[in-house]
Amino acid sequence: MMMEEIKTTIIDRIKLHFSDAVEKEFSYNRLDFSVKKETVPSILFYLKEEMGFKHLSHISCVDWLEEGEFEMIFILWSPEEKIKVFIHTRVDRSNPVMDNIDMIWRQANTYEREMKEMYGIQFTGLEAPEEFLLEDWNGPPPMRRDFDTEAYAAKTYWERPGREDALDVRETVEKRTGEVLPEFAKKYKR
Amino acid sequence: MSFDLKGTLKPLTALKQFGQKPHTLTNVPFIPREAADRYRGLHYNNLDECIGCGNCSTICQNQAIDMIPVDGIEGKNGDSGLRPRVDHGRCCWCGLCVDVCPTGSLSLTKDYVYVSEDANSFLWTPGVDNPEGDERVSFFSTKETSLNDLGRIPMPELEGMERIKSFAEVVLGYNEEQARAEASRCISCGLCTEACPEHMHIPEYINAIAGGNDEDAVRIIYDNNPLPEMCGKVCTRRCEDICAIAHRGDPIAIRWLKRYATETVENADLLKEIINPEIKEPNGFKVGIIGAGPSGLTAAYYLALKGFDCTIYEANSKAGGMTMYGIPRYRFPEDSLDKQIEYIQKIGVRIHFNTKVGKDISFGEIYHNYDAVFMGVGFPKPWTLGIEGEELHGSIQAVNFLYEINNGKKVDIGNKVIVIGGGNVAIDAARVSARLGADVTILYRRRVQDMPADWEEIEGAEAEGIHIISQAIPIQFHGDEKGHITTVEYLKAEMVPDEHGGRPKPIAIEGSNTVIEVTAVLGAIGQQGDYSFLEEEFDEKVKIERGRIVVNEKQETTLNKLFAGGDSANRIADAISAIADGYRAVKGIEELLMKGK
Amino acid sequence: MINDKNSQKIVDIIRNYARKHSLWILAYGTGCGAIELPPTMTSRYDAERLGVRGAATPRQADLLLITGYLTTKSLKRVIRVYEQMQDPKYVIGFGSCTINGGMYWDSYNTIKALDRYLPVDVYINGCMPRPEAVLSGFAKLQELIQDGKANGAKEYKENLKWYRDNQKKVITNWKMPEYNW
Amino acid sequence: MREKATTLYIGPQHPGITGNMMVRLKVEGDTIVKAATEVGYLHRSFEKLIEKRNWLQSFTLLCRFCVPEPDPVEESYARAVEMIEGREVPERAKYIRVLVLELARIGSYLLWYGGQSGSLGLYTVGQWSVGDRNYILDLFEALTGARVYHMYIWPGGVRRDFPKGFEKKVIDTMDYLEKRLDDYDDLMFDNAIFKKRTKGVGIIDKEKAVEWGVVGPPLRGCGIRSDIRIDDPYEIYDKLDFIVPVEEGGDIWTRALVRRQEIRQSIRIIRQVIDNIPGGEYYNKVPNPQKWALPKGDAYARTEAVRGEVGMYLSSDGSINPRRAHFKGAAYVHAITLLEHLLVGENLADVAAIMNSLGTCPPEIER
């Protein structure tokens, strides 16, 4: 029961201050809000300073290539209330610009460096070295879903030969039985 | 800062360890240390148990496993003939390959040391490179730890005792959720396609169903089988016998999935729309087809797609042949084929019903009027037992019995019926009799596990209260003065191993005579062909051996431009081989007629 | 006298014997496999029995362990470290990753075959190799050294251009001093 | 007199560094005035690779996130998958998982003993503790089939049940370790050198600690009782009786003290698990892995590892592959923003000790 009350209070307060927040409840100690990306710094600041969500657990980014958007997720933890709050926001994939939040949590700086490198999201006012995990990288941001790592690796790195004699099980049986698989069915091979 | 005397002296207590037995394993590396009982070391593969399904290769996230041909291992039905080879330049010894192996042949051993200066020497064929690895196996999978989905999604069915009240279809069919779940069990190895006489594209349509693309599944099925609803209901499903999952669990319900896919399409128009077949321009050739059974319909459908003008002559009022008239309605309802027949007619095939060749039209007329003839006439005539009393009133042939019942006629069998035989016809006859209210017993010469009938059918029969007396050889029927059958006398048999390595033979035990009372006996020990419609001029030219028409690999008979298929031309005598015959004949006819075009 | 063929043989045997019993490993944990090195070096397995021990800098080290995958960023440092090492020097490749890419075969940031970039004397099977296997690797290397077959460094010198070309193919920004061999 | 600033690189090849990473230091004399962490030497792009792996295949990659202690990562992933799918885990599996996690904790702390004391020149402790860690690894080998990368905790439960006689082996090992811990104390915590080198070094400000993202033993070493096992209990931790040790001070010494006590608590937990483990199933089987799709949704599961919070953010688009698996390790914060902050003003000789006390683990940062 306690948890329910806490959740209701949080929802009420957030809705009061941030009209664009859409909540989603879970059965366990988790509460989600989806907001516009402009709201993110203020809602994070509010949650941290006013509502006790002192601990920034995680910042993540998901590439929804088909929808043309990046989803950013901020996961906060309240040591007092023992509840997680997820802040979801969507960033346009063609012009990925986000507000920098490393003045709220210093460690967000690292996450932003990584996201900038891996997804190509620009954080306005981010001060950090250009490179983080990659060195002399000249391809597209690698975590974007349209980057094909397998093809890149096959092209760039030499692979040890000696395995060309491998056969496909299905094709071996097909050949033996004389079965002819129509073209449109081939995509359903394993 | 003050001097910390305690802190300075305390570390010196380490000296008390002097003289203690050291922990060091001094034998290593000169004598390898035995790993734990569950250690995940180098692979071992039991080459005889392995079926080359390639599931290990599929699960491997490192693409470490290749399937390669191995000396001394030939591919056969249910075995691709390939064996896994592990690239130790990729492997991470996670053991997922072991946990997904459907036969349990692949395992990991306690051996872990392999050191070499040659980077190309790290390709490892388990079982070939360590034939003695059997004794070192440490990490293996069992039925309990297997990652395969071993349990089949149960098919919704009528209750056993509910069934015999009517001829309502027993199997209710999967709903969407069940079908997706069942299809998801498939590991897509494709070994089943070899067992299928028609070589249907089984893994592909199952994957389509699992992925929620039922229309694609229907399209893939129709690629080489125009009667999937028939197969979906009554196929003998050799594919399921060799299913990789069946080595440890229940095979994938391939037949029910096909049935599910076809049932998602409501009518013939929709069917045509989904399949959207490419029909070639008419090429001017006419093909006559005798018999609208599975082989005839298949031949007609694919010939029509290729632009041939096809006409079918069928003696009965409905298409489907033996499946329609020999299989009881609770397995194969009367309307099962309507949609498919309508669809076949829609693409241009003409079917003349109630036209018996030899009576309503002569064979010669057909043969001379068409550019090619396909004959799928089946086995309409039952074998007789050849024992005393078989002519008595109440001794009925099961095939005739089923035919009459399926035509809506009444057959008086009384309340105590004996069925003789162990095939599907016998079980069908028994279950039909049970539905007519009789107390039914099946007599079979061999053991229950030797019955050629479908195990599901046998189980179904038992659930419906049918007794099976195995190892029983009938020797005589006794009748009353009115010529009506009253009792059946049979001998008990014992199974004697065959010295030629064949299946064990039943040998009657002298003096074990048993007599049971009956009101009717249904004989179901097999059928044979009836070629009386062939006029004399053809009779000699069409070669018939042991009751079967002799055909070559293109289904061509010894008579020019006559093709044959189905029960009357193959030894397997089931619907799917008939369909395969029809499909092959299409190629034969096309080659014959389109030569040079 | 030193030019005498037989004497040279004796010198070689003595020299190889000495070399094989003083394999100093460069303390550079390049990948996962490094986690099995502390157990290898400490009381239970005690690699020092074989004359194997750690060395802090490349100049004093004889043995470079590539303990698994190498990212291109690491590869650059590893090459530099290897070239700084003094002869005689040897390389041991740990586990799958050094042979054919291992788990990271489709990663955009790791090389697949180590022997394209550095000469490898011994490969140890495993992911990762356990201390017993590592010790077997050391023993194998010692065997090769005794037989005079561990000639990776020589090969590297002779085929420097080939190695260099391969290295430059994956290291796009080559800003390193060229060593004078 | 102000000395001239020099730039020094510690790592990636450096005997004092905790793995393949680098810290760029600006020093004046022996005092550090600026520090910058440089990582990327171990970036294998797991999270990219997982996009092409299915839900089961991914689990084999995940343990490689953190080499010294892979089990919390497996646990986080398994739990995140279970959260998205709503899959139940059998009670016995939960106990086994806790056992594995605590064994891993002990093993990892024993390695830390070696690292922490070694960074201060006390090599004997390392010889002992790392040697003794092998006995924990032997238990893992018997239970999971591998020494380091266990690949044992997976969605739905654990991979295999206890082998025969395993319980006794665990208890024997715990008895042995408890005796050995006193020996370590003699050499390490009672050692004047250790005390002098660690007290008052690398102090984390208690007021700012939570905001700075400090977790695990470093946070508890600041006097804040924070542990995911009690704050956000998972598996069966709420049924177990154990204490989360706290020390006031925030320096290397208190962090070490916290760890020292935690080993004993872990031993206590393991004894409770062995005493109370119920029978029954150990695995709630997942469907055919080739076609196992999770419903659309996301989850973040976190586990208390020796370094602190180890989290896994999983996002599913309803297909057979994870849309995104984003791993968060404590070192991601500790070794970058926190370390850069802590090193300023410290002595050059203490860098390795501070890094060790924060539980720096580069593979976890770079993934």
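Just a few scattered comments:
Note that the chains are named A, B, C and D in the order they appear, and that numbering of residues resets to 1 at the start of each chain.
Operating definition for what follows: a residue touches a chain if its C-beta (ideal position, glycine included) is under 8 Å from a C-beta of that chain, and two chains touch if they have at least 3 such contacts.
Small disclaimer: the values here were computed from a predicted structure and weren't measured.
The fewest steps needed to get from chain A to chain D, moving only between touching chains, is 1. We define each chain's centre as the mean of its Cα atoms; on that basis chain B and chain C are separated by 57 Å. In this assembly, the C-alpha centroid of chain A lies 47 Å from the C-alpha centroid of chain B.
Annotation: 53 Å between the Cα-based centres of chain B and chain D. Centroids of chain A and chain C (each the mean of its C-alpha atoms) stand 39 Å apart. With touch defined as above, residues shared between interfaces to two or more other chains in chain C number as follows: 43-45, 73, 99-101, 103, 105-110, 113, 127, 130. Of all residues in chain A, those touching 2 or more other chains are 134-135, 142, 147, 149-150, 160, 190, listed in ascending order. Multi-chain contact residues of chain D (touching two or more other chains) are listed as 40, 43, 45, 48-49, 52, 60-61, 131, 134, 149, 290.
Taken pairwise by the contact criterion, the protein chains are fully connected, each one touching every other. On the chain A side of its complex with chain C, the touching residues are 134-136, 138-139, 142, 147, 149-150, 152-154, 156-160.
Residue ranges of chain C in contact with chain B, taken from their complex: 43-46, 49, 93, 96, 99-103, 105, 113, 115, 120-127, 129-133, 135-140, 144, 149-150. Chain B makes touch with chain C in their complex at residues 22-26, 28-30, 32-33, 42, 61-64, 87-93, 112-119, 122. Listing the residues of chain A that touch chain D in their complex gives 28-30, 48, 54-58, 60-64, 71, 73, 75, 77, 79, 82, 84, 86, 105-107, 109-110, 129, 131-135, 142-143, 145, 147, 149-150, 190.
Residues 12-15, 19-20, 40-45, 48-49, 52, 60-61, 64, 67-68, 111, 114, 126-128, 130-131, 133-134, 137, 147-149, 363 of chain D touch chain C in their complex.
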